[in-house]
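The following pair of complexes shares a single chain, chain A, combined with chain B in the former and chain C in the latter.
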Partner chain A sequence: MAKIEIRSQLPGVFYRKPSPDEPTFKEVGDTVKAGDAIGLVEVMKTFQQINADAAGIIVSFEVEDSDVISPGQVLAVIEG
Partner chain B sequence: MSITKLLIANRGEIAVRIIRAANELGIKTVQVYSQADATSLAVEMADEFVEIGPASAAKSYLNVEAVLKAAKDTGADAVHPGYGFLAENAEFADAVEAAGMIFVGPTGQMIRSMGDKASARKVAESANVPTVPGSDGIIEDLDVAQELAASVGYPVMIKATAGGGGRGIRVAENAEELATLATQASAEAKAAFADGGLYLEKVIDNARHIEVQILGDGKNFVHCYERECSIQRRRQKVWEEAPSTALSEEVREKLCASAVALAAAVNYRGAGTVEYLYDETSDDFYFIEMNTRIQVEHPVTEAIVGIDLLAEMIKIAGGEHLSFSQDDIVVRGHAIEVRINAEDPANKFMPSLGIVGDMRSPGGPGVRFDHFLYQGYQISPFYDSLLGKLIIHADTREGAINRLTRAVKELKLGELKTTAPLFLLLADDPDVKAGAVHNNWLEQWLENNIGKLTQ
Partner chain C sequence: MPVKVKNKGLATSIQDMGRPGYFHLGIPISGAMDRFSLRVANMLVGNDESAAGLEAVFMGPELEFTEDAIIAVTGGELPPKIDGEVKETWTTMRIKAGQTLSFDYIRHGARAYIAIAGGIDTPQSLGSRSTYAIGALGGIDGRVIENGDELPIGSISTNMSEGTSVPKVLRRGPGSPAELRVLPGLYWHRITHEAGERFFQETWKVASEADRMGYRFKGGSPLEFVERKQPFSAGSDPSNITDAPYAYGSIQVPGGTEPIVLHRDAVSGGGFFTLGTVISADMDLIGQLQPNIETKFVKVNMQTALSARKERAVMLDSIRQAVA
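Let's look at the complex of A and B:
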């Protein structure tokens, strides 16, 4: 089982929910397919979706909801 | 009571603009800033600066308590809110006054009556200012909305009463779409402004966006003529100019007089903008909303009438009366403003982050560049993408367009991608040259000219 890190290419604010009133995209332990959304990054008031690059199971989120992130920072780890 | 120390509750280019106005009036400045803005130009230029929280605007520039604390701690006697953030927050205006300071803008009560779209519409109707056919107030249920939409005719626009900056606006072509979109628009407005109220109005096809700058001291009210901001992308203004090419003298006088009537109806104090849709085919204009603050595009008006709107705002807030009458305000020449945004027009206007490189500012006759950039400045991802505004003034519109092209070519920001190349293409476009544009014109143009942008 290989561990795969999901990173953001952009800096900004990371959100785990599509909007404040909705549930999170994914939780630890959830299965994801390649291309599934796992979060959003807000950059200059626009939202860019962050997708899983590969299929697997989410083992951890490395940042909290609403955390400020840098380019290249690891957002989540999946095992596939 | 005249102002001696002004706190600037904003950031970016407008903070720099306010500091400049204050300096010229001999007023000391206090700049508040988030942790992400510690190296900003406004902080560097202000007499004092106070950090008010982390990068997120909700925890810094929108944090009323932190802003008020900074004002008290530094002994500021006035607060300028700029645009966006707390500028149209009536509770903030009240809180500033309750703390014994001056809010540079209208009273909280005026913001309430004009800032809320449904209530502003009622004020407009009482002042005999034409409004777009639509709902008289907030729509409570879908059946009423559908009945009204059928009577004014589809398509209709649904707007959040607490909207602004084009958010919470949806267009429905028929009754089914109205049902779906009303729910979405309400949710979006609630998320952005904590108020989910909606109202509905008829869509005026191919309308132009024309707005009137007004000034009031609570007793006297004048207009500084109109600006046309029809060139928009996703309801965000991209290119603004004054005067409008579309108005006859007769319509211009009627339009501007209606804006003054509206200001007088609420005993308006400060600088404000009354926004209209203008239907060229019928010469009708319709009030859409009033912005109770300084606007991004105020410099085009400053250029044609020679009035420093920021200085006037601050003087009025300090208790002075307007020092000129309507007859003193004369239009000279033509002005155009283009927004230099950190977006890449060749790549779907994606946010472009980076460091300002080897910078060259445009200059020469009739050129003003309002911005907050310097070589080595790291563009922040946390706020909007506006980097600066290039404002051009010339004797004629044709002269202004030629000067704009020349000035855009002079602007260099290193590798940073901006909207600047878009304006070279627009300045050379036959429709733009002829002034034959409307609110949906640019979206269509972008679809047809994407090849030119990616070259």
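Let's look at the complex of A and C:
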């Protein structure tokens, strides 16, 4: 079981929910497929979806909801 | 010989040196946010310095080349990859027909410029290929690039050799904290002396809303205004004025809270006071600021602004000689 880090290419604000009233995209322990959304980054007045680039199980989130993030920062770790 | 867009990146746009001459009609100059870097990218591939290239913001696009080409990537440190192999920025590269140019995540800066020998040869509107998306001018049918687009490339015989590189000392980027030099302006009298001092003393941070129209800053103290009688036709907020034209680089502070530096896609006028203007030599640096980067505004006079402009021209000349 290899650990895979999901990194953001973008700077901005990270959100784990599609909108404030909706549930989170994914929780620790959830299974993801490559291309599944795990969060959003808000930058330049737009929201960009962050997708898992491999299939596996989410082991951890490395940033909190509404955290300011930098490019290259690890957002979540999956085990696939 | 078109270049195919496999992945558009984030608001990747075609930009050249812009369309001057229409700001009085509300049409901004547009063009590269960091003109210095686009000029240098063009030099590295043997293009006219004002040829159209791609401006990628924060993340790079994925482009498939259908013919051999000479290319260069400058600006923020967004490492290019040819068929997955990492290459140098600020350096002339050769890419072969069938190969794909992609990018790693950005290490510093905010915008990268991709020049292709021959330049991007989309139709001009009002004398420029620059994308002004809000006004649907330039670019691809007035918009940024999309997946599946085919970018037409002009033909040129270039004698630039692979590996030609710009010396590191001549690659200009913002320091930490970034420093933007400001000439206090027409409406400086609207704020109190203390508020003016604080504006320059405090450290601000780039807000995530910052874009091609304007760069917004957060984190400093709200400005205090001088009492006045509300002028005819001005809004009731102390930051309002009777509508007036804005200059590129001018700093408006709606409500006195968050300064916005108007940039290449700026609105041409409105009803907010502007406390000063970022000098032309530092406008390119703004284009390289990521959200959350610490920034200081530094007060200068006209003489300093003019010599800074001259220094920048000298630096460009040194690069012309270094890569020739």
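Operating definition for what follows: the second predicted complex is superposed on the first by the 80 of 80 C-alpha atoms of A that agree within 3 Å, B and C clash if a C-alpha of one lies under 4 Å from a C-alpha of the other, contacts with A are read in each partner's own complex, and residues count from 1 in each chain.
One rule holds in what follows: a contact is a pair of C-beta atoms (placed from the backbone, for glycine too) under 8 Å apart; a residue touches a chain by one contact, two chains touch by 3 or more.
In this text the structure is predicted, and so the values were computed from the model without any measurement.
Annotation: superposed three-chain arrangement on chain A; chain B versus chain C shows a clash. Contact with chain C, but none with chain B, is seen for A:9 once the two complexes are overlaid on the shared chain.
By the touch criterion defined above, A:30 lies against neither chain B nor chain C after alignment on the C-alpha atoms of chain A. In the superposed model, A:62 lies in contact with neither chain B nor chain C. Contacts of A:53 after superposition: neither chain B nor chain C is touched. When the two complexes are overlaid on their common chain A, residue A:72 makes contact with chain C while staying clear of chain B. Look at A:20: by the touch rule set out above, it reaches chain B but stays clear of chain C. Taking the listed stretches 253-261, 343-351 or 433-441 of chain B in turn, the superposition on chain A shows a clash with chain C for 343-351 alone. According to the touch criterion, the shared surface of chain A, contacted by chain B in one complex and chain C in the other, consists of residues 10-13, 42-46, 68. Interface residues of chain A facing chain C in the complex, by the touch rule stated above, are 7-13, 42-46, 48, 68, 70-72. If you check the complex, the residues on chain A that touch chain B are 10-13, 19-21, 42-46, 66, 68. Taken together, the chain B residues at the contact with chain A in this complex read 54-56, 187, 191, 342-343, 351, 353, 381-385. By the touch criterion given at the top, residues 10-11, 57-59, 105-107, 110, 208-211, 290-292 of chain C touch chain A in their complex.
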